[in-house]
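Shared chain: chain A. Partners: chain B in the first complex, chain C in the second.
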Partner chain A sequence: MTGQLIQSLVDALSAGATLGLAALSIGLVFGVIRLANFAQAEIITASAYCLIFTWELGWFIAVPLSILVAVAMSLLMEFTVFSRMRSANPATLLIASFGLSFLLQRVYELMFSNNVRTAPVASGLAQTVEFAGVRIQLLSVATIVIAGLLLLGLHLFLTRTSMGLQLKAAAADFRTARLIGIPAGRVIALSFALSGILAAAVAFVLTVQSGAVGPTFGVQITILALVGAVIGGIDKISGSLAGGFLVGFVTSMLATWLPQEMSNFKDAYVFVLVIGVLLFRPSGLLIKGRGVART
Partner chain B sequence: MSIADDARFGSRQPGRGLRVEGLQVAYGGVPAVRGIDLEVKAGEAVGLIGPNGAGKSSTLLGIMGAIARSGRVLVDGQDLAGLPPEKVVRRGVALVPEGRHVFAELSVADNLRLGAVARRDRTGYSEAMEHVLTLFPMLRDFGHRQAGLLSGGQQQQLAIGRALMSDPDILLLDEPSLGLSPTAVDTVFEALDVIRAAGKAVLVVEQRAEFTIAFCDRTFVLHDGEITLTLKPQDAEKVDVLTKAYFG
Partner chain C sequence: MSEPVGVVNASVTSSPRGLWCRLGPLWSLVSLLAIVYVVTLMNSFLGDSVQVQLQYALVNLIIVVALQIFIGTSGVLSFGHVAFVAVGAWTVGLLTIDPELKRNLLPDLFPFLFDLNAPWLVAVVIGGVVGGLLALVVSPVLMRLNGLQAGIATFALLGVVNQVLTYWSSVGPRSGQSMVGIPDVLNLQTTMLFAMAAIVAAWLFQRTRPSRLLRAAREDGIAAASSGINVVSQRIIVFAVSGIVAGVAGGLFALTNRVVQSSQLNIELTFVTLAMLVLGGMLSLSGAVIGTLVFSLVDVLLVRLQNGVEIGAYVVSVPQGARAIILGLILVGMLLFRPSGITGGREFVWPLRRERPLPGMPPTNES
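Moving on, here comes the complex of A and B:
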């Protein structure tokens, strides 16, 4: 029983870490330009296709290339679509991102067909190891490590570098950031690039998990990531991360511990949680309220 | 040596002022500023007063390029037409926005660092920081504190300090006394006096008419987007002049 609990905790931490990264990749961009980018799904898909097609060349080529593809796609979306819609309201931007998402899914269908493409991406990580009587999947541990390193790197970047500080300021109050001279275009591009890196990490974990990629590969996790970001507070970088983690963790635990006949509805329970949060904490669990200015 | 004695006070070449010609700002076709002209010379403080909705804040945002405008905004003879706010700051104009808008979750020191992003030189950063911390010693004491935890008066000092870090020749302030205690207002205006004496051009939008008229070298009264009256410091105590300024 203890072994199963530890095993489920590690799996849940891993699922939470993956969804946390996905939600963070959405929250980073939302914080700056109020875009909840649904087409983040297609960035994940493109990065995953890249892993599948280039894996036989060696991980040292496939992994950097998949990151490059994700960052390039993210920046391309910004420069070709979203930068032309700067004055649009968040609802219009969201709908535009839906449109872009569907368009790219059709493009992937045309390019790679509806069938999934497969490759044994980092198949070594799919193994299970036994440690002190507890069976743990290597991928779960690797996911937690990858997420931890990425978050540490992002934290250091945001707190120790000038560009990171500018991004944090822009995410907190974009209008004021521009008024004090922070270059809008550069900060927006930076948020898209970082979002692309996070999407590539998510794509890696999911591709190792499934080994198969189709045109709608990134959609499911992006929907859950959006849900997570809203629960945590999409307005705040840490809110998105925590919300995504929470949704991933809870979903994984429900899948493990609910009786078989009930666990099929695990996503439904998550959405009940979302309804509850939207009713009682519409700004998100981590948002304390706007403006802490005192007189 | 006080800051006022130091003519540099972060400024590379004192003597640059602001000239606004025929500035117009509209929101969705509704005019907010209807072609105003004004000039603020280096070492001068100019006030802009008027009732709510007169177009005072719109004037400042128009100068900054934060909202669509027509007319000319000249700094050192160069038109800032079409420049976004971040580039206007690089031309030597800085705004202290209404409500202060410090970055509440960042430290005081980080807020000041961000103010320096638009500096045109990299060499004067330490000097500018020292000047700001001398002008507002409180900021030195609370360098590591979250800006959102400061009082309103302290946040206003931080907002002004942050603007000064960009090394502006022209400082625009939108209602710097809003919501502050009388003591905090005094602190802010004493600092503005020092900034003016250091050769900066200061344009201040205010609700406190009497106070502003007395402080500024000239004060314009704005009504429905137009300048209707120009007042001098000696007009500050003339009740009839003030009444006319606000009620026509």
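Moving on, here comes the complex of A and C:
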């Protein structure tokens, strides 16, 4: 029983970590330009395709390349679409990102067909190890480690470097940040690039998990990440992270512990929870009071 | 052609000028109905496959009108309307499938549902009522939220409803299966009449008190609240009305598709219908109609082009799959270059009228 408990905890932690990263990648951009970028899904998909197609060349080529693809996609979206929509309100931006997402999915369909592409990406991580009677998936541990390292790196970057501090300031209050001379274009590009790196990490974990990538590969997690970011408090970087983690953790726990006939409805329970949270803390769990009502 | 939507018209009632102001909106209704009629007539020139596509387009039109009633009036985003479409479709499915067939295909149903049966028209009406009731039940919770939070919460509603319909076999098929055996009773003309009825209903509703109050609140929430408008309760009314229309659309979807599956009534349909609304312009009923019809007609055209069309000596064709990409490009391009949609959020007005600003109103700018 304790073995099963520990096992489910590790799984839930890793699910939470993945979703936390995905939510963080959305929150980073939202903090700066009020864009909840749904097309993040297609960045994840592109990065995952890249892993699948280049894996046989060796991980030392495939992994950097997949990061590069994600960052490039992210920046490309910013320069071609979102940089032209600065004056739009968050709802319009969200719809624009939906449109972009829809468009890119169809492009993937045309390029790579509707069937999933498969490759044994990092198949070594897919095994389970038995440790003191507890069976643990290596991938879950790896996910937690990757997420931990990325968060540590991001934290150091945001608190110790000038660029990072500028980004943090812009995410807290973009208008004031500009007034004190923080270069807007550069900070926005930086936030897109960082969110691309996080998307690549999410893509890596998901690709190892499933080994198969189709045109709508990134959609499911992005929806949940968006939901998580909003209930955590998308206005705040730590809010998105915590909200994403919470949604991932709870979903995974429900999947393990609910009886079979009820576990079918696990997403429904999570969504009901989400509506409840939004009702009582509309600005997000981590935002005190009414939060910053900027639009 | 420019006239701010609805809000202003009511105040002026005297003089010939005032008459125009009252007939102006009527003109917008008549022209929308005429457009729907003409587009539907096109099927006789274009053959059977187009007829099927047009029928789906008209069902989508009703969904988009439902979306417009809520989103356009309140300015609040909703990703949840397809939930009402889904319960409408479910209701019509359950009420119109032959009882004998129901017993065999949907064995886990609540026993009382086996013998529940209704003529299709009644079933569609009940579908609308069920959609409206669901909207009414959830609205006290959802209508308190604004902006992105409202979008996410309505989306969560869609998620809940979709999961329940997928897995709860006491009210529908077992998970992964679909509801089949829905009778073939709906033709294109009848669907057109339903679409016209939805437009008329939306147009009439625009003229009612809740709709006007909510549009005032959309333009300036603080000013509206301080003039004594209870925004939440007005939103609840408008949400329930749009839920009814969406439920009816769901019933018609069931009768058009004749197979109902929860996966068809989920995110994708939400995106497509929202895209149609955005394309036309969210803030006006004309936007909903024009957006849906333009989107659908481009789609019809592209399907044609995919199969190859002879123009003189040449055969013009677009590659398979390019159709969805072109539709996506149109949507993104529209958001980039004309974010307020084709109609710019305005209704049609009598084209021959000379534009004179109303006394006390800022001059309306030509677009």
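Following the convention adopted for this analysis, the second predicted complex is superposed on the first by the 289 of 295 C-alpha atoms of A that agree within 3 Å, B and C clash if a C-alpha of one lies under 4 Å from a C-alpha of the other, contacts with A are read in each partner's own complex, and residues count from 1 in each chain.
Keep in mind that, in the parts below, contacts are C-beta pairs under 8 Å (C-beta built on N, C-alpha and C of every residue); 3 or more make two chains touch, one makes a residue touch a chain.
In this text, all values refer to a predicted model and were calculated from it rather than measured experimentally.
In the superposition on chain A, A:Leu100 makes contact with chain C only, while chain B stays out of contact range. By the touch criterion defined above, A:Ala268 lies against chain C but remains apart from chain B after alignment on the C-alpha atoms of chain A. Touch criterion met: A:Leu110 reaches chain C, while chain B stays clear of it. In the superposition on chain A, A:Met85 contacts chain C only, with no contact to chain B.
Comparing chain C and chain B on the residues of chain A they touch gives the larger count to C. By the touch criterion defined above, A:Leu138 lies against neither chain B nor chain C after alignment on the C-alpha atoms of chain A.
Using the contact criterion defined above for the overlaid structures, shared-chain residue A:Leu65 touches neither chain B nor chain C, since it reaches no partner. When the two complexes are overlaid on their common chain A, residue A:Ala193 makes contact with neither chain B nor chain C.
Contacts of A:Leu258 after superposition: neither chain B nor chain C is touched. In the superposition on chain A, A:Leu278 makes contact with chain C only, while chain B stays out of contact range. Overlaid on A, the two complexes show chain B and chain C touching the same residues of chain A, namely 295. Per the touch definition, chain A reaches chain C in the complex via residues 36, 81, 84-85, 88, 90-92, 94-96, 98-100, 102-104, 106-107, 109-110, 219, 223, 226-227, 230-231, 234, 264-265, 267-268, 271-272, 274-275, 278-279, 282-283, 295.
The part of chain B that touches chain A in the complex is made up of residues 64, 66, 84-86, 89-90, 94-95, 97, 99-106, 110, 113-115, 117-118, 148-152, 155, 162-163, 166, 179-181. Those residues of chain A that touch chain B in the complex are listed here as 162, 165-166, 168-169, 172-173, 175-184, 291-295. Listed in rising order, the residues of chain C touching chain A in the complex are 77, 141-142, 144-149, 151-153, 155-157, 159-160, 163-164, 166-167, 175, 267, 271, 274-275, 278, 319, 321-322, 324-325, 328-329, 331-332, 335-336, 339.
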